[in-house]
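In the two assemblies presented below, chain A is common to both, partnered first by chain B and then by chain C.
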Partner chain A sequence: MMEEGVKKFLYVNRKAPYGTIYALEALEVVLIGAAFDQDVSLAFLDDGVFQLTRDQNTDGVGVKNFSPTFRALGDYDVNKLYVERESLEERGLTADDLQEIVYEDEDDDWAEKPSIRIISRAEMADLMHDQDVILSF
Partner chain B sequence: MSYEVNGQTVEHDEEGYITNLSDWSEDLAKVIAEQEGIEMTDEHWAVVNFLRDYYEEYQIAPAVRVLIKAIKKQMGPEIGNNKHMYELFPYGPAKQACKIAGLPKPTGCV
Partner chain C sequence: MSTLHTVNKSPFATQSLLSCINHVKDGDAILLIEDGVYGAAAGTGVSDAVAGKAGSVKFYVLGPDLEARGIPATRLLEGVEVVDYAGFVGLAVEHDRAQAWL
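Here is the complex of A and B:
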(Lines of atoms letter the chains of each structure in order from A and count residues from 1; the text may use other names and numbers.)
(Lines give C-alpha, C1' and ligand atoms only; values in the text may rest on other atoms or scores of the structure.)
Protein backbone atom coordinates (compact mmCIF):
# COMPACT_ATOMS: atom_id res chain seq x y z
CA MET A 1 0.00 0.00 0.00
CA MET A 2 3.05 2.27 -0.20
CA GLU A 3 2.08 5.23 -2.33
CA GLU A 4 4.23 7.75 -4.10
CA GLY A 5 5.61 10.32 -1.69
CA VAL A 6 5.00 8.28 1.44
CA LYS A 7 8.02 8.18 3.70
CA LYS A 8 8.81 6.08 6.71
CA PHE A 9 8.84 8.32 9.79
CA LEU A 10 10.15 7.17 13.15
CA TYR A 11 9.58 9.25 16.27
CA VAL A 12 12.10 8.23 18.93
CA ASN A 13 11.03 8.79 22.54
CA ARG A 14 13.88 8.57 25.05
CA LYS A 15 12.69 10.68 27.97
CA ALA A 16 10.42 10.12 30.96
CA PRO A 17 6.88 11.49 30.47
CA TYR A 18 7.07 14.30 33.03
CA GLY A 19 9.81 16.67 34.19
CA THR A 20 10.55 17.87 30.68
CA ILE A 21 8.19 18.78 27.87
CA TYR A 22 9.77 16.40 25.32
CA ALA A 23 7.33 13.50 25.67
CA LEU A 24 4.19 15.61 25.38
CA GLU A 25 5.62 17.66 22.50
CA ALA A 26 6.59 14.48 20.64
CA LEU A 27 3.06 13.14 21.00
CA GLU A 28 1.56 16.39 19.72
CA VAL A 29 3.89 16.35 16.72
CA VAL A 30 2.81 12.77 15.98
CA LEU A 31 -0.88 13.74 16.16
CA ILE A 32 -0.41 16.76 13.92
CA GLY A 33 1.89 14.90 11.53
CA ALA A 34 -0.67 12.10 11.19
CA ALA A 35 -2.66 14.37 8.86
CA PHE A 36 0.05 13.91 6.22
CA ASP A 37 -0.62 10.18 5.73
CA GLN A 38 2.94 9.01 6.12
CA ASP A 39 4.12 5.59 7.32
CA VAL A 40 4.59 6.40 11.01
CA SER A 41 6.22 4.38 13.77
CA LEU A 42 7.06 5.34 17.34
CA ALA A 43 10.02 3.98 19.28
CA PHE A 44 10.30 3.98 23.07
CA LEU A 45 13.70 3.41 24.61
CA ASP A 46 15.77 4.48 27.61
CA ASP A 47 13.49 6.36 30.08
CA GLY A 48 11.01 6.78 27.20
CA VAL A 49 9.54 3.39 28.13
CA PHE A 50 8.02 5.05 31.22
CA GLN A 51 5.73 7.03 28.90
CA LEU A 52 3.65 3.92 28.24
CA THR A 53 3.36 2.61 31.79
CA ARG A 54 -0.17 1.94 33.02
CA ASP A 55 -2.03 3.71 35.85
CA GLN A 56 -0.10 6.96 35.72
CA ASN A 57 -1.14 9.53 38.30
CA THR A 58 0.20 13.08 38.03
CA ASP A 59 -1.68 14.62 40.97
CA GLY A 60 1.60 15.00 42.88
CA VAL A 61 3.43 16.81 40.08
CA GLY A 62 0.58 19.11 39.12
CA VAL A 63 0.61 18.50 35.37
CA LYS A 64 -1.89 16.84 33.08
CA ASN A 65 -1.68 13.06 32.77
CA PHE A 66 -1.53 12.69 29.00
CA SER A 67 -0.96 8.93 28.95
CA PRO A 68 -4.59 8.21 27.87
CA THR A 69 -3.83 10.08 24.64
CA PHE A 70 -1.57 7.23 23.48
CA ARG A 71 -4.72 5.11 23.25
CA ALA A 72 -6.13 7.55 20.67
CA LEU A 73 -3.24 6.98 18.26
CA GLY A 74 -5.07 4.13 16.52
CA ASP A 75 -7.74 6.63 15.42
CA TYR A 76 -4.95 8.54 13.69
CA ASP A 77 -3.69 5.41 11.91
CA VAL A 78 -0.61 5.34 14.10
CA ASN A 79 -0.41 1.74 15.21
CA LYS A 80 3.25 0.78 15.41
CA LEU A 81 4.63 1.49 18.88
CA TYR A 82 7.99 -0.28 19.29
CA VAL A 83 9.30 -0.68 22.83
CA GLU A 84 12.87 -1.79 23.47
CA ARG A 85 13.03 -4.89 25.67
CA GLU A 86 16.44 -4.08 27.17
CA SER A 87 15.27 -0.61 28.23
CA LEU A 88 12.31 -2.20 30.03
CA GLU A 89 14.51 -4.79 31.74
CA GLU A 90 17.10 -2.24 32.85
CA ARG A 91 14.29 -0.42 34.66
CA GLY A 92 12.73 -3.50 36.21
CA LEU A 93 9.71 -3.29 33.92
CA THR A 94 7.94 -5.93 31.83
CA ALA A 95 5.26 -5.78 29.13
CA ASP A 96 2.65 -6.16 31.90
CA ASP A 97 3.62 -2.76 33.29
CA LEU A 98 2.59 -1.07 30.04
CA GLN A 99 -0.94 0.08 29.27
CA GLU A 100 -2.92 -1.74 26.63
CA ILE A 101 -3.02 0.15 23.34
CA VAL A 102 -4.99 -1.23 20.41
CA TYR A 103 -6.06 -0.18 16.94
CA GLU A 104 -8.87 -1.35 14.68
CA ASP A 105 -7.59 -3.08 11.55
CA GLU A 106 -9.66 -1.75 8.66
CA ASP A 107 -8.45 -4.60 6.41
CA ASP A 108 -9.51 -7.27 8.88
CA ASP A 109 -13.14 -6.36 9.65
CA TRP A 110 -12.08 -3.74 12.22
CA ALA A 111 -10.57 -6.37 14.52
CA GLU A 112 -8.81 -4.87 17.54
CA LYS A 113 -5.08 -5.54 17.48
CA PRO A 114 -2.28 -4.52 19.82
CA SER A 115 -0.21 -1.50 18.79
CA ILE A 116 2.68 -2.12 21.18
CA ARG A 117 5.43 -4.40 19.91
CA ILE A 118 8.35 -5.28 22.15
CA ILE A 119 11.59 -5.66 20.23
CA SER A 120 15.25 -6.18 21.10
CA ARG A 121 17.97 -3.55 20.94
CA ALA A 122 19.33 -5.20 17.78
CA GLU A 123 15.89 -5.11 16.15
CA MET A 124 15.57 -1.46 17.17
CA ALA A 125 18.79 -0.73 15.30
CA ASP A 126 17.41 -2.44 12.19
CA LEU A 127 14.15 -0.51 12.53
CA MET A 128 16.05 2.79 12.62
CA HIS A 129 18.14 1.73 9.64
CA ASP A 130 14.93 1.20 7.61
CA GLN A 131 13.55 4.73 8.08
CA ASP A 132 13.53 7.72 5.75
CA VAL A 133 13.11 10.24 8.56
CA ILE A 134 13.96 9.92 12.26
CA LEU A 135 12.86 12.54 14.78
CA SER A 136 14.36 12.17 18.23
CA PHE A 137 12.78 13.58 21.39
CA MET B 1 -13.49 38.26 27.94
CA SER B 2 -16.37 36.20 29.20
CA TYR B 3 -19.77 34.64 28.56
CA GLU B 4 -22.77 35.40 30.74
CA VAL B 5 -24.91 32.39 31.56
CA ASN B 6 -27.62 32.24 34.23
CA GLY B 7 -26.08 35.23 35.98
CA GLN B 8 -22.63 33.63 36.05
CA THR B 9 -19.51 34.80 34.29
CA VAL B 10 -17.41 32.28 32.38
CA GLU B 11 -13.98 33.38 31.17
CA HIS B 12 -12.86 32.60 27.63
CA ASP B 13 -9.82 33.29 25.43
CA GLU B 14 -9.64 35.65 22.46
CA GLU B 15 -11.16 33.01 20.19
CA GLY B 16 -14.03 32.10 22.50
CA TYR B 17 -12.70 28.84 23.98
CA ILE B 18 -13.49 28.71 27.69
CA THR B 19 -10.55 29.00 30.06
CA ASN B 20 -11.68 26.56 32.72
CA LEU B 21 -13.06 23.35 31.23
CA SER B 22 -15.10 22.58 34.33
CA ASP B 23 -17.17 25.76 33.77
CA TRP B 24 -19.07 24.01 30.99
CA SER B 25 -22.81 23.37 31.12
CA GLU B 26 -25.48 22.73 28.50
CA ASP B 27 -26.80 26.26 29.05
CA LEU B 28 -23.33 27.63 28.39
CA ALA B 29 -23.14 25.53 25.21
CA LYS B 30 -26.35 27.21 24.01
CA VAL B 31 -24.90 30.66 24.73
CA ILE B 32 -21.70 29.89 22.81
CA ALA B 33 -23.67 28.34 19.94
CA GLU B 34 -25.85 31.42 19.68
CA GLN B 35 -22.79 33.66 19.40
CA GLU B 36 -21.53 31.33 16.67
CA GLY B 37 -24.86 31.69 14.86
CA ILE B 38 -25.80 28.05 15.43
CA GLU B 39 -29.14 26.76 16.58
CA MET B 40 -28.51 23.51 18.44
CA THR B 41 -30.35 20.47 17.06
CA ASP B 42 -30.15 16.85 18.22
CA GLU B 43 -27.41 16.28 15.67
CA HIS B 44 -25.38 19.21 17.03
CA TRP B 45 -25.76 17.82 20.53
CA ALA B 46 -24.71 14.36 19.40
CA VAL B 47 -21.45 15.77 17.99
CA VAL B 48 -20.85 17.92 21.07
CA ASN B 49 -21.46 14.98 23.39
CA PHE B 50 -19.21 12.74 21.32
CA LEU B 51 -16.41 15.30 21.59
CA ARG B 52 -16.82 15.58 25.36
CA ASP B 53 -16.73 11.79 25.75
CA TYR B 54 -13.66 11.57 23.51
CA TYR B 55 -11.86 14.24 25.54
CA GLU B 56 -12.81 12.52 28.78
CA GLU B 57 -11.36 9.24 27.54
CA TYR B 58 -8.26 10.39 25.65
CA GLN B 59 -7.53 13.89 27.03
CA ILE B 60 -7.51 15.41 23.55
CA ALA B 61 -10.02 16.84 21.12
CA PRO B 62 -9.88 14.68 17.99
CA ALA B 63 -8.76 15.96 14.60
CA VAL B 64 -11.61 16.65 12.19
CA ARG B 65 -11.07 13.51 10.09
CA VAL B 66 -11.01 11.38 13.25
CA LEU B 67 -14.22 13.05 14.39
CA ILE B 68 -16.02 12.49 11.10
CA LYS B 69 -14.89 8.85 10.90
CA ALA B 70 -16.16 8.23 14.43
CA ILE B 71 -19.49 9.97 13.83
CA LYS B 72 -19.93 7.91 10.67
CA LYS B 73 -19.36 4.74 12.65
CA GLN B 74 -21.65 5.83 15.47
CA MET B 75 -24.47 7.61 13.61
CA GLY B 76 -24.21 6.45 10.02
CA PRO B 77 -22.88 7.93 6.79
CA GLU B 78 -25.83 10.37 6.33
CA ILE B 79 -24.54 12.42 9.28
CA GLY B 80 -20.94 11.28 9.41
CA ASN B 81 -19.68 12.86 6.21
CA ASN B 82 -17.73 16.00 5.44
CA LYS B 83 -20.54 17.91 3.77
CA HIS B 84 -23.12 17.32 6.48
CA MET B 85 -20.69 18.07 9.27
CA TYR B 86 -19.79 21.40 7.69
CA GLU B 87 -23.50 22.16 7.34
CA LEU B 88 -23.87 21.62 11.07
CA PHE B 89 -20.72 23.58 11.93
CA PRO B 90 -19.89 25.93 9.04
CA TYR B 91 -16.62 27.18 10.55
CA GLY B 92 -15.22 23.67 10.91
CA PRO B 93 -16.75 20.74 12.81
CA ALA B 94 -13.77 20.19 15.08
CA LYS B 95 -12.99 23.83 15.73
CA GLN B 96 -16.51 25.14 16.23
CA ALA B 97 -18.00 22.08 17.90
CA CYS B 98 -15.09 21.96 20.36
CA LYS B 99 -15.75 25.56 21.30
CA ILE B 100 -19.40 24.77 22.01
CA ALA B 101 -18.37 21.59 23.85
CA GLY B 102 -16.15 23.64 26.14
CA LEU B 103 -12.96 21.90 25.03
CA PRO B 104 -9.62 23.35 23.93
CA LYS B 105 -9.00 23.85 20.25
CA PRO B 106 -8.05 20.54 18.62
CA THR B 107 -4.33 19.78 18.55
CA GLY B 108 -2.85 20.99 15.30
CA CYS B 109 -5.76 23.27 14.52
CA VAL B 110 -4.58 26.77 13.60
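Here is the complex of A and C:
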Protein backbone atom coordinates (compact mmCIF):
# COMPACT_ATOMS: atom_id res chain seq x y z
CA MET A 1 0.00 0.00 0.00
CA MET A 2 1.48 3.25 -1.16
CA GLU A 3 1.59 6.15 1.27
CA GLU A 4 -0.89 8.88 0.54
CA GLY A 5 0.46 11.63 -1.69
CA VAL A 6 3.22 9.45 -3.08
CA LYS A 7 3.22 9.26 -6.86
CA LYS A 8 5.09 7.02 -9.23
CA PHE A 9 7.67 9.08 -11.10
CA LEU A 10 9.60 7.72 -14.07
CA TYR A 11 12.63 9.51 -15.46
CA VAL A 12 13.19 8.38 -19.05
CA ASN A 13 16.78 8.55 -20.32
CA ARG A 14 17.24 8.14 -24.07
CA LYS A 15 20.42 10.14 -24.75
CA ALA A 16 24.13 9.27 -24.61
CA PRO A 17 26.03 10.99 -21.79
CA TYR A 18 28.34 13.66 -23.23
CA GLY A 19 27.14 14.72 -26.70
CA THR A 20 24.26 16.73 -25.22
CA ILE A 21 23.41 18.05 -21.76
CA TYR A 22 20.25 15.92 -21.40
CA ALA A 23 21.82 13.07 -19.43
CA LEU A 24 23.52 15.28 -16.85
CA GLU A 25 20.41 17.43 -16.46
CA ALA A 26 18.27 14.33 -15.93
CA LEU A 27 20.56 13.16 -13.16
CA GLU A 28 20.45 16.59 -11.52
CA VAL A 29 16.66 16.56 -11.58
CA VAL A 30 16.56 13.04 -10.12
CA LEU A 31 18.78 14.16 -7.25
CA ILE A 32 16.65 17.24 -6.60
CA GLY A 33 13.45 15.23 -6.90
CA ALA A 34 14.73 12.66 -4.41
CA ALA A 35 14.05 15.20 -1.64
CA PHE A 36 10.31 14.81 -2.19
CA ASP A 37 10.00 11.16 -1.12
CA GLN A 38 8.21 9.95 -4.22
CA ASP A 39 8.27 6.47 -5.76
CA VAL A 40 11.05 7.02 -8.28
CA SER A 41 12.21 4.81 -11.12
CA LEU A 42 14.73 5.51 -13.87
CA ALA A 43 14.44 4.05 -17.37
CA PHE A 44 17.38 3.70 -19.74
CA LEU A 45 16.62 2.93 -23.36
CA ASP A 46 17.95 3.75 -26.82
CA ASP A 47 21.25 5.69 -26.44
CA GLY A 48 20.41 6.23 -22.76
CA VAL A 49 21.96 2.84 -21.99
CA PHE A 50 25.37 4.39 -22.79
CA GLN A 51 25.05 6.50 -19.62
CA LEU A 52 25.63 3.43 -17.44
CA THR A 53 28.66 1.87 -19.14
CA ARG A 54 31.69 1.23 -16.93
CA ASP A 55 35.17 2.80 -17.21
CA GLN A 56 34.07 6.22 -18.45
CA ASN A 57 36.99 8.69 -18.33
CA THR A 58 36.39 12.26 -19.50
CA ASP A 59 39.84 13.63 -18.59
CA GLY A 60 40.65 14.26 -22.25
CA VAL A 61 37.45 16.07 -23.20
CA GLY A 62 37.21 18.60 -20.38
CA VAL A 63 33.74 17.76 -19.10
CA LYS A 64 32.67 16.24 -15.80
CA ASN A 65 32.44 12.46 -15.68
CA PHE A 66 29.11 12.10 -13.90
CA SER A 67 28.80 8.33 -14.23
CA PRO A 68 30.00 7.70 -10.62
CA THR A 69 27.03 9.75 -9.39
CA PHE A 70 24.69 6.92 -10.40
CA ARG A 71 26.28 4.83 -7.66
CA ALA A 72 25.18 7.41 -5.06
CA LEU A 73 21.49 7.20 -5.99
CA GLY A 74 20.90 4.35 -3.56
CA ASP A 75 21.61 6.71 -0.67
CA TYR A 76 18.65 8.80 -1.86
CA ASP A 77 16.29 5.80 -2.02
CA VAL A 78 16.52 5.78 -5.80
CA ASN A 79 17.21 2.12 -6.45
CA LYS A 80 15.14 1.10 -9.47
CA LEU A 81 17.21 1.60 -12.61
CA TYR A 82 15.51 -0.22 -15.47
CA VAL A 83 17.65 -0.90 -18.55
CA GLU A 84 16.13 -2.14 -21.80
CA ARG A 85 17.71 -5.36 -23.06
CA GLU A 86 16.98 -4.69 -26.75
CA SER A 87 18.66 -1.27 -26.55
CA LEU A 88 21.78 -2.91 -25.08
CA GLU A 89 21.83 -5.62 -27.74
CA GLU A 90 21.38 -3.17 -30.61
CA ARG A 91 24.52 -1.41 -29.37
CA GLY A 92 26.61 -4.54 -28.90
CA LEU A 93 26.40 -4.33 -25.11
CA THR A 94 25.47 -6.75 -22.35
CA ALA A 95 24.74 -6.22 -18.66
CA ASP A 96 28.44 -6.92 -17.99
CA ASP A 97 29.36 -3.71 -19.80
CA LEU A 98 27.42 -1.65 -17.25
CA GLN A 99 28.88 -0.43 -13.97
CA GLU A 100 27.78 -2.09 -10.77
CA ILE A 101 25.21 -0.03 -8.90
CA VAL A 102 23.91 -1.28 -5.57
CA TYR A 103 21.73 -0.08 -2.71
CA GLU A 104 21.27 -1.19 0.87
CA ASP A 105 17.83 -2.70 1.47
CA GLU A 106 16.59 -1.40 4.81
CA ASP A 107 13.85 -4.06 4.83
CA ASP A 108 16.43 -6.83 4.55
CA ASP A 109 19.03 -6.01 7.22
CA TRP A 110 20.68 -3.49 4.88
CA ALA A 111 21.77 -6.19 2.46
CA GLU A 112 23.43 -4.86 -0.68
CA LYS A 113 21.31 -5.46 -3.76
CA PRO A 114 21.69 -4.49 -7.41
CA SER A 115 19.83 -1.36 -8.51
CA ILE A 116 20.07 -2.15 -12.22
CA ARG A 117 17.29 -4.33 -13.55
CA ILE A 118 17.45 -5.51 -17.16
CA ILE A 119 13.99 -5.68 -18.73
CA SER A 120 12.56 -6.35 -22.17
CA ARG A 121 11.10 -3.72 -24.50
CA ALA A 122 7.60 -5.02 -23.73
CA GLU A 123 8.27 -4.74 -20.00
CA MET A 124 9.55 -1.20 -20.57
CA ALA A 125 6.25 -0.33 -22.25
CA ASP A 126 4.40 -1.77 -19.24
CA LEU A 127 6.61 0.22 -16.85
CA MET A 128 5.81 3.46 -18.67
CA HIS A 129 2.11 2.62 -18.62
CA ASP A 130 2.24 2.12 -14.85
CA GLN A 131 3.37 5.67 -13.94
CA ASP A 132 1.65 8.76 -12.59
CA VAL A 133 4.27 11.15 -13.98
CA ILE A 134 6.86 10.70 -16.73
CA LEU A 135 9.78 13.09 -17.11
CA SER A 136 11.65 12.69 -20.39
CA PHE A 137 15.23 13.54 -21.19
CA MET B 1 -5.64 4.31 -18.55
CA SER B 2 -3.79 5.64 -21.55
CA THR B 3 -0.84 7.78 -22.46
CA LEU B 4 -0.42 10.72 -24.82
CA HIS B 5 2.97 10.48 -26.52
CA THR B 6 4.49 13.49 -28.24
CA VAL B 7 7.28 13.30 -30.82
CA ASN B 8 9.02 16.54 -31.81
CA LYS B 9 11.96 15.31 -33.89
CA SER B 10 12.08 14.41 -37.59
CA PRO B 11 11.98 10.62 -37.98
CA PHE B 12 14.77 11.01 -40.55
CA ALA B 13 17.11 12.55 -37.96
CA THR B 14 16.48 10.47 -34.84
CA GLN B 15 14.95 7.16 -33.73
CA SER B 16 12.43 8.94 -31.50
CA LEU B 17 9.33 8.16 -33.56
CA LEU B 18 10.27 4.51 -34.10
CA SER B 19 11.18 4.08 -30.44
CA CYS B 20 7.87 5.65 -29.46
CA ILE B 21 6.00 3.31 -31.80
CA ASN B 22 7.84 0.37 -30.23
CA HIS B 23 6.74 1.31 -26.71
CA VAL B 24 3.11 2.43 -27.03
CA LYS B 25 0.22 0.43 -25.67
CA ASP B 26 -3.05 -0.15 -27.48
CA GLY B 27 -5.37 2.80 -26.92
CA ASP B 28 -2.56 5.31 -26.54
CA ALA B 29 -2.27 8.39 -28.77
CA ILE B 30 0.78 9.75 -30.60
CA LEU B 31 0.85 13.47 -31.39
CA LEU B 32 3.44 14.65 -33.90
CA ILE B 33 4.64 18.22 -33.30
CA GLU B 34 7.46 20.50 -34.50
CA ASP B 35 9.80 18.53 -36.81
CA GLY B 36 7.93 15.40 -35.76
CA VAL B 37 5.19 16.30 -38.25
CA TYR B 38 7.37 15.02 -41.10
CA GLY B 39 6.47 11.56 -39.81
CA ALA B 40 2.82 12.10 -40.74
CA ALA B 41 3.42 12.25 -44.49
CA ALA B 42 2.60 9.42 -46.88
CA GLY B 43 5.20 7.89 -49.15
CA THR B 44 8.20 8.24 -46.84
CA GLY B 45 10.63 5.74 -45.35
CA VAL B 46 8.67 5.64 -42.10
CA SER B 47 5.14 5.64 -43.53
CA ASP B 48 4.82 1.88 -43.23
CA ALA B 49 5.84 1.95 -39.57
CA VAL B 50 3.26 4.64 -38.82
CA ALA B 51 0.49 3.07 -40.91
CA GLY B 52 1.21 -0.32 -39.34
CA LYS B 53 0.57 1.08 -35.88
CA ALA B 54 -2.39 3.27 -36.79
CA GLY B 55 -4.85 0.43 -36.11
CA SER B 56 -4.11 0.17 -32.41
CA VAL B 57 -2.90 3.70 -31.69
CA LYS B 58 -4.44 7.00 -32.76
CA PHE B 59 -2.11 9.38 -34.59
CA TYR B 60 -2.51 13.16 -34.46
CA VAL B 61 -0.46 15.94 -36.00
CA LEU B 62 -0.34 19.59 -35.01
CA GLY B 63 -1.80 21.73 -37.81
CA PRO B 64 0.23 24.93 -37.30
CA ASP B 65 3.47 22.92 -37.46
CA LEU B 66 2.32 21.28 -40.70
CA GLU B 67 1.42 24.63 -42.23
CA ALA B 68 4.70 26.20 -41.16
CA ARG B 69 6.50 23.48 -43.11
CA GLY B 70 4.24 23.65 -46.14
CA ILE B 71 2.91 20.12 -45.76
CA PRO B 72 -0.60 19.97 -47.26
CA ALA B 73 -3.31 17.79 -45.72
CA THR B 74 -3.39 15.85 -48.98
CA ARG B 75 0.07 14.47 -48.26
CA LEU B 76 -0.85 13.03 -44.88
CA LEU B 77 -1.14 9.33 -44.21
CA GLU B 78 -4.70 8.08 -44.01
CA GLY B 79 -5.99 8.00 -40.45
CA VAL B 80 -3.76 10.80 -39.16
CA GLU B 81 -5.93 13.50 -37.63
CA VAL B 82 -4.95 17.17 -37.66
CA VAL B 83 -5.46 19.09 -34.40
CA ASP B 84 -4.95 22.73 -33.43
CA TYR B 85 -3.50 23.99 -30.15
CA ALA B 86 -6.84 23.62 -28.39
CA GLY B 87 -6.94 20.03 -29.63
CA PHE B 88 -3.46 19.49 -28.19
CA VAL B 89 -4.75 20.65 -24.79
CA GLY B 90 -7.78 18.41 -25.15
CA LEU B 91 -5.58 15.38 -25.81
CA ALA B 92 -3.47 16.19 -22.76
CA VAL B 93 -6.61 16.29 -20.63
CA GLU B 94 -8.11 13.10 -22.09
CA HIS B 95 -5.12 10.93 -21.27
CA ASP B 96 -3.80 9.89 -17.87
CA ARG B 97 -0.20 10.91 -18.51
CA ALA B 98 1.97 12.43 -21.20
CA GLN B 99 5.35 11.28 -22.38
CA ALA B 100 7.65 13.33 -24.57
CA TRP B 101 9.97 11.45 -26.93
CA LEU B 102 12.72 14.04 -27.30
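Everything below uses one rule, namely that the second predicted complex is superposed on the first by the 136 of 137 C-alpha atoms of A that agree within 3 Å, B and C clash if a C-alpha of one lies under 4 Å from a C-alpha of the other, contacts with A are read in each partner's own complex, and residues count from 1 in each chain.
Just so we're on the same page, a residue touches a chain if its C-beta (ideal position, glycine included) is under 8 Å from a C-beta of that chain, and two chains touch if they have at least 3 such contacts.
Owing to the predicted nature of the structure, the values given are computational and were not obtained by experimental measurement.
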When chain B and chain C are modelled together on chain A, clash or fit: fit
Geometry of the superposed three-chain model: angle at chain A (Cα centres of chain B and chain C, steps of 10 degrees): 130
Which partner reaches more residues of chain A (counting touched residues only), chain B or chain C: C
Distance in angstrom between the closest Cα atoms of chain C and chain B, superposition on A: 24
Residues of chain A touching chain C in the complex: 12, 14-15, 22, 45-46, 121, 124-126, 128-129, 131-134, 136-137
Complex interface listing, chain A residues touching chain B: 28, 31-32, 34-35, 64-66, 68-69, 71-72, 75-76
Chain C residues within the chain A interface of the complex: 1, 3, 15-16, 19, 22-25, 97-102
Chain A-touching residues of chain B, taken from the complex the two chains share: 54, 57-60, 62-63, 65-66, 69-70, 107-108
